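After the structure tokens below, expect a handful of questions from me.
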Amino acid sequence: MTEKLALASDNLSPAHPLILEAVCEANQGCALPYGGDSWTLQAEEVIQTTFGKKCKVFFVPAGTAANVLALKFACKSHESILCSDIAHIDCQEAGATEAIVGAKLLRVPSKSGKIYPEEILAKLERERGFGRHGTSPRLLSITQPTEVGTVYTIKELKDLAALAKQENLFLHMDASRIYNALVHLDITFTELIELIPIDVLSLGGTKNGLLFGEAVLIFNPSLEEGSHFIHKQTLQLLSKMRYLSAQYIALFRDDLWWQLAYEANQKACEIANIIRKIPGLSLTAPVETNQIFFSAPSEWIPLIQEKIYCYLWNKKNNEIRFIASWNTSDRDIKTLENILTDLSQNLTQQIRV
Amino acid sequence: MTEKLALASDNLSPAHPLILEAVCEANQGCALPYGGDSWTLQAEEVIQTTFGKKCKVFFVPAGTAANVLALKFACKSHESILCSDIAHIDCQEAGATEAIVGAKLLRVPSKSGKIYPEEILAKLERERGFGRHGTSPRLLSITQPTEVGTVYTIKELKDLAALAKQENLFLHMDASRIYNALVHLDITFTELIELIPIDVLSLGGTKNGLLFGEAVLIFNPSLEEGSHFIHKQTLQLLSKMRYLSAQYIALFRDDLWWQLAYEANQKACEIANIIRKIPGLSLTAPVETNQIFFSAPSEWIPLIQEKIYCYLWNKKNNEIRFIASWNTSDRDIKTLENILTDLSQNLTQQIRV
Amino acid sequence: MTEKLALASDNLSPAHPLILEAVCEANQGCALPYGGDSWTLQAEEVIQTTFGKKCKVFFVPAGTAANVLALKFACKSHESILCSDIAHIDCQEAGATEAIVGAKLLRVPSKSGKIYPEEILAKLERERGFGRHGTSPRLLSITQPTEVGTVYTIKELKDLAALAKQENLFLHMDASRIYNALVHLDITFTELIELIPIDVLSLGGTKNGLLFGEAVLIFNPSLEEGSHFIHKQTLQLLSKMRYLSAQYIALFRDDLWWQLAYEANQKACEIANIIRKIPGLSLTAPVETNQIFFSAPSEWIPLIQEKIYCYLWNKKNNEIRFIASWNTSDRDIKTLENILTDLSQNLTQQIRV
Amino acid sequence: MTEKLALASDNLSPAHPLILEAVCEANQGCALPYGGDSWTLQAEEVIQTTFGKKCKVFFVPAGTAANVLALKFACKSHESILCSDIAHIDCQEAGATEAIVGAKLLRVPSKSGKIYPEEILAKLERERGFGRHGTSPRLLSITQPTEVGTVYTIKELKDLAALAKQENLFLHMDASRIYNALVHLDITFTELIELIPIDVLSLGGTKNGLLFGEAVLIFNPSLEEGSHFIHKQTLQLLSKMRYLSAQYIALFRDDLWWQLAYEANQKACEIANIIRKIPGLSLTAPVETNQIFFSAPSEWIPLIQEKIYCYLWNKKNNEIRFIASWNTSDRDIKTLENILTDLSQNLTQQIRV
């Protein structure tokens, strides 16, 4: 437990009490291993009901695993994956896609975290121009919300999906914080999946209140072949799966997921409002989910980092990232306001002196 | 929760209440992610104290991951790994070593689950005879207790370690049920590691009462280079690590691990005694830990499987595997005795009739 | 150039003059790279005509590459490959299948180099019994002639092919010395391929008189997808392909391949006759192609190796391998006879004294 | 053999007669396989003498193989490789580095094909900022001459080498056309290697007059461990190695390499002069070796491609690449001049009309 204000990431937050309760309740007697237990079967059903669509569900302990598993379901080593130039799969997964899938990542320039058809097409044309000396583009991976917390509109998603179809690419969604995006769009999972023909989706969990656990959902049946072997081979098959899957049952019961994401988005909104009021600070990306990006005068950076766990996103422009969580409290917001206001006043006074 | 008697594996059992309690207690406020939290730091210390030796500790969610990670720390793709011909890393890990380490496994014929210097040397000589057309043997992996529940004696382990040193092989121990072996040998972790120079060890957890979680311990510092990248790249780095590591603190507090393994071994002993008394059944391996292997008349097999979750180890000789767990109860033992006695009597009657 | 009698392998022999001539003739002016040249197109046609069947042809520089490429066309990392326990792909390819395909090799016990349905089925049943904890058997690889020079009969091949079909396995033939086998069976490539439904075949070249060069032939169109990318990615696409492909045109012109293999087989036959006559030596495998395996008294081994380049196949039973080549001369045979006779007499005299 | 003027690449050209002669001379009697022959031993010596430095030499059939082998000698899967954003290893090797080394490529923005310390440092800082969530930068790969035919000056190379040392990166040189660069710099291999501490170098061959064949030179002994296994495992070990290695003996005899590269550079110079004179055409990169990049009016492109084998480097700015070769003749130059002049006049007339 840390006393310092924690806004570095939503994975610093604890599990929600209802989630933990579900884990405790799963601790009853013996159960079949490797997902043969009743909790896992129920969780798979709950997820299919939530998405309103048949899909194959694989639970995995960590987020990077969810992405790599999804990509390995869809791609061979001579194929390539289009993603944004700040995508988690490219920047923050320790080269796992290259090492475990063996495939090349093709980086598409992003604007406010999003990629658009024109730049994707340009990248495709270049790669295909290399013929067999290049790779065979096979999958388009999009992150919703993006790495900077922005949310693709339904229109933007539809355009990307249409492009993927036209170019014969599978569509993957890195949905590790999808809950926050759905709250912003005010749509359900069923609506999302009805509108956007996603082939495979990495569904977050840990960042929205689980102790641990993510899931991979295969919507395109052609990707299912061999998938249960790959689940095991990529080191993701837990023997006592119930402690993971039971959390998902709780997450989707009574729309707990919505409540938690809503709370986090709301707090981000309040944080953004504070930042807007502080002279010298300025938001660097629209605040649409639970992430806040802003720049500060360079001399503020060490002072902010001393008082708040946060991530220095970009040294060059002194850009800091805050992430609110389901458990960010009103008191946290007040503390933050005090810290920033004090900083602002002290620094202003120093300048005057 | 299942009503049927569960003797298929110790991973059907639930988590021990004290372990679950530790998880609940870790659910306090925010904590640094990726193992930067205080629980993880404490768990690493506890493990080093338990082993009486400095080592680098990596926590991972599942057992196959612990093995593959250990092998990847030590081997490159042109190197090979000697293991028994029934080793988990060869038979039951979905080809993960080949796929993720890229290295070849060299199978050494086993007797009662154990491998011996003579057969290892023969395998080494054959492989080295191929020169660069073969692979470069680099690691000897032993499983303690073995896949059939037998326990290498200290003398046997010393011989294997001496051989590894002489042949310039790293020594890996797949120690997913090491607790049960130590109870059998009546030695501590410190004693084990003082006697046997293990380079890297996959330490079990799930099978001895955890919800989930295993660990990899690097004792040979030359294997540490890049290990934290590999931990992440092989998809094993949990963001909220505390819920895993806190379990290890509880497991090693007041020697809970010993109590749980002792209980399981004891129950296996009682099960073995029952089997010995039933005409027609006969043990096929010495019962030294919590595993019981026995053969039954072929017509019994479906009847046993109907009443008891168990694993048909070998169809050819009608060999069944039972595994007792920390939570196998006196009532379970009584139930088992009744089932087997009834079966024996009914089948004898049928024959008479 | 070596003066010592060379019977270690057919890859010690030079290229046949007609093959070299073809290379020299290809050295005319500019030509499109990467197989777009007229020699390569013609060689592809020649091979299809020779086999009497449409297939996709990939030329590669080395034999190991031909095998690995064939396996990578057919298998993913979670799949497994059945082969004999002395198969080149398992023993003498430096772990390339594990490293580059990522797949597991399942070794089937062999008799005189051959594997049979019963042992294959046993291996299949064991592996499938592991479920997703094991691998998914996907391909049966057979070597014709075998590693010990024996030749599968058409009946044996048909049985293996039927088994492969029944078990949903692709059928691969490691045909690095297929020429010698066809001479023995007295059938053509067209007859072979009409009788046996091979999915993918590694066609030798170097060992039958080429300077360098092998080919992979895909007969099953479902394996073609992405194959030209894989050809390049596995480092096998030569830019000036004509110097490789032109050799195949010469090899198949006027049945040169038959003449060369016939010559090698014939010489092996003569060598076998010499060995049969020398007291103390005894053949350890039927001599059906150009390979001769025999055992000798242990004190002979260093003396033989001093005078003849040969391969000590098995130290345990003092088994030596000779391989005759298209350029093994009558003089070589006479020299060999003298060496062995002298050895025999000297050693006999020593014993008398 | 093609009648059309061939300026697409130097790999369309045939082998030089002296190289072919060396191959023919190597075709004498039996020789030890896998590089144990006298030609290969001599070629290794010749290369070491040429470079004036002890190094381990591996011959490989193709250029992509030379690069991937060099990278695999130096990097593990969790490490990363810095290269230019138009590097052959990234763009034109079918993802082989990702698939076979498993490592990530980090693209550094290039100017006229070259990369500079500032941009490399920025990329390093970004990647290292990700900590273990990123990769561990391990190698700097530079291409000399660059992909657009420009040549790093000695000063530029020294700066890059100093940076590599300071940042603990191995230095790799993709030297597939190094001959042309040395002619431009007017220095020898010995001078190059004395000035620049290269750890591992991919030495071209095919593009400078060989039939086939490249080499990897390890100058840093710490990269040698296991290298002969890796050579075999990556499918590069030819059995009849002499036909490859003998070519290198000829290439370095009487500085044939210099003569061939000089001739190619000279012809490129003449081509550049022609292009400079034609209204409408304009060079887009300095012509320092045997490559010529220029742009043309868009309506010229199909007309040029109809008459000349060439590579449309960049569709967006109608940029074409010509590459001269050792066998580009005076007649070819005259033909080219006629084609371009005719085109220019016809198109000008059309405009007039």
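Chains: A, B, C and D, in written order; residue numbering restarts at 1 for each.
Please note the rule applied: contacts are C-beta pairs under 8 Å (C-beta built on N, C-alpha and C of every residue); 3 or more make two chains touch, one makes a residue touch a chain.
All figures in this text were calculated on a predicted structure; none of them were measured in a lab.
Peer 1: Looking only at C-beta pairs that count as contacts, which pair of chains has more of them, A-C or A-B?
Peer 2: A-B
Peer 1: So which chain is farthest from chain A, going by the mean of the CA atoms in each chain?
Peer 2: C
Peer 1: Take the average of all CA coordinates in chain A, do the same for chain B, and state the distance between these two points in whole angstrom.
Peer 2: Roughly 34 Å, centre to centre.
Peer 1: Just curious, how far off is chain C from chain A if you go by their C-alpha centres, in Å?
Peer 2: Centre-to-centre distance between chain A and chain C: 51 Å.
Peer 1: Would you mind listing the residues of chain B that make contact with two or more other chains?
Peer 2: 77-78, 93-95, 99, 102, 132-133, 135, 229, 232-233, 237
Peer 1: Would you pull the chain C residues touching chain A in the complex into a rising list?
Peer 2: Those in contact with chain A are residues 34, 76-79, 102, 132-133, 135-136, 226, 228-233, 237.
Peer 1: Going by the contact rule set out above, which residues of chain A touch chain D in the complex?
Peer 2: Within the complex, chain A contacts chain D at residues 77-78, 80, 91-95, 98-99, 102-104, 107, 125, 129-130, 132-135, 315.
Peer 1: Would you pull the chain B residues touching chain A in the complex into a rising list?
Peer 2: That would be residues 1-2, 6, 8-9, 11-15, 17, 20, 23-24, 27-33, 38, 60-65, 68, 93-96, 99-100, 206-207, 211-212, 229, 232-240, 243-244, 309, 325, 327 of chain B.
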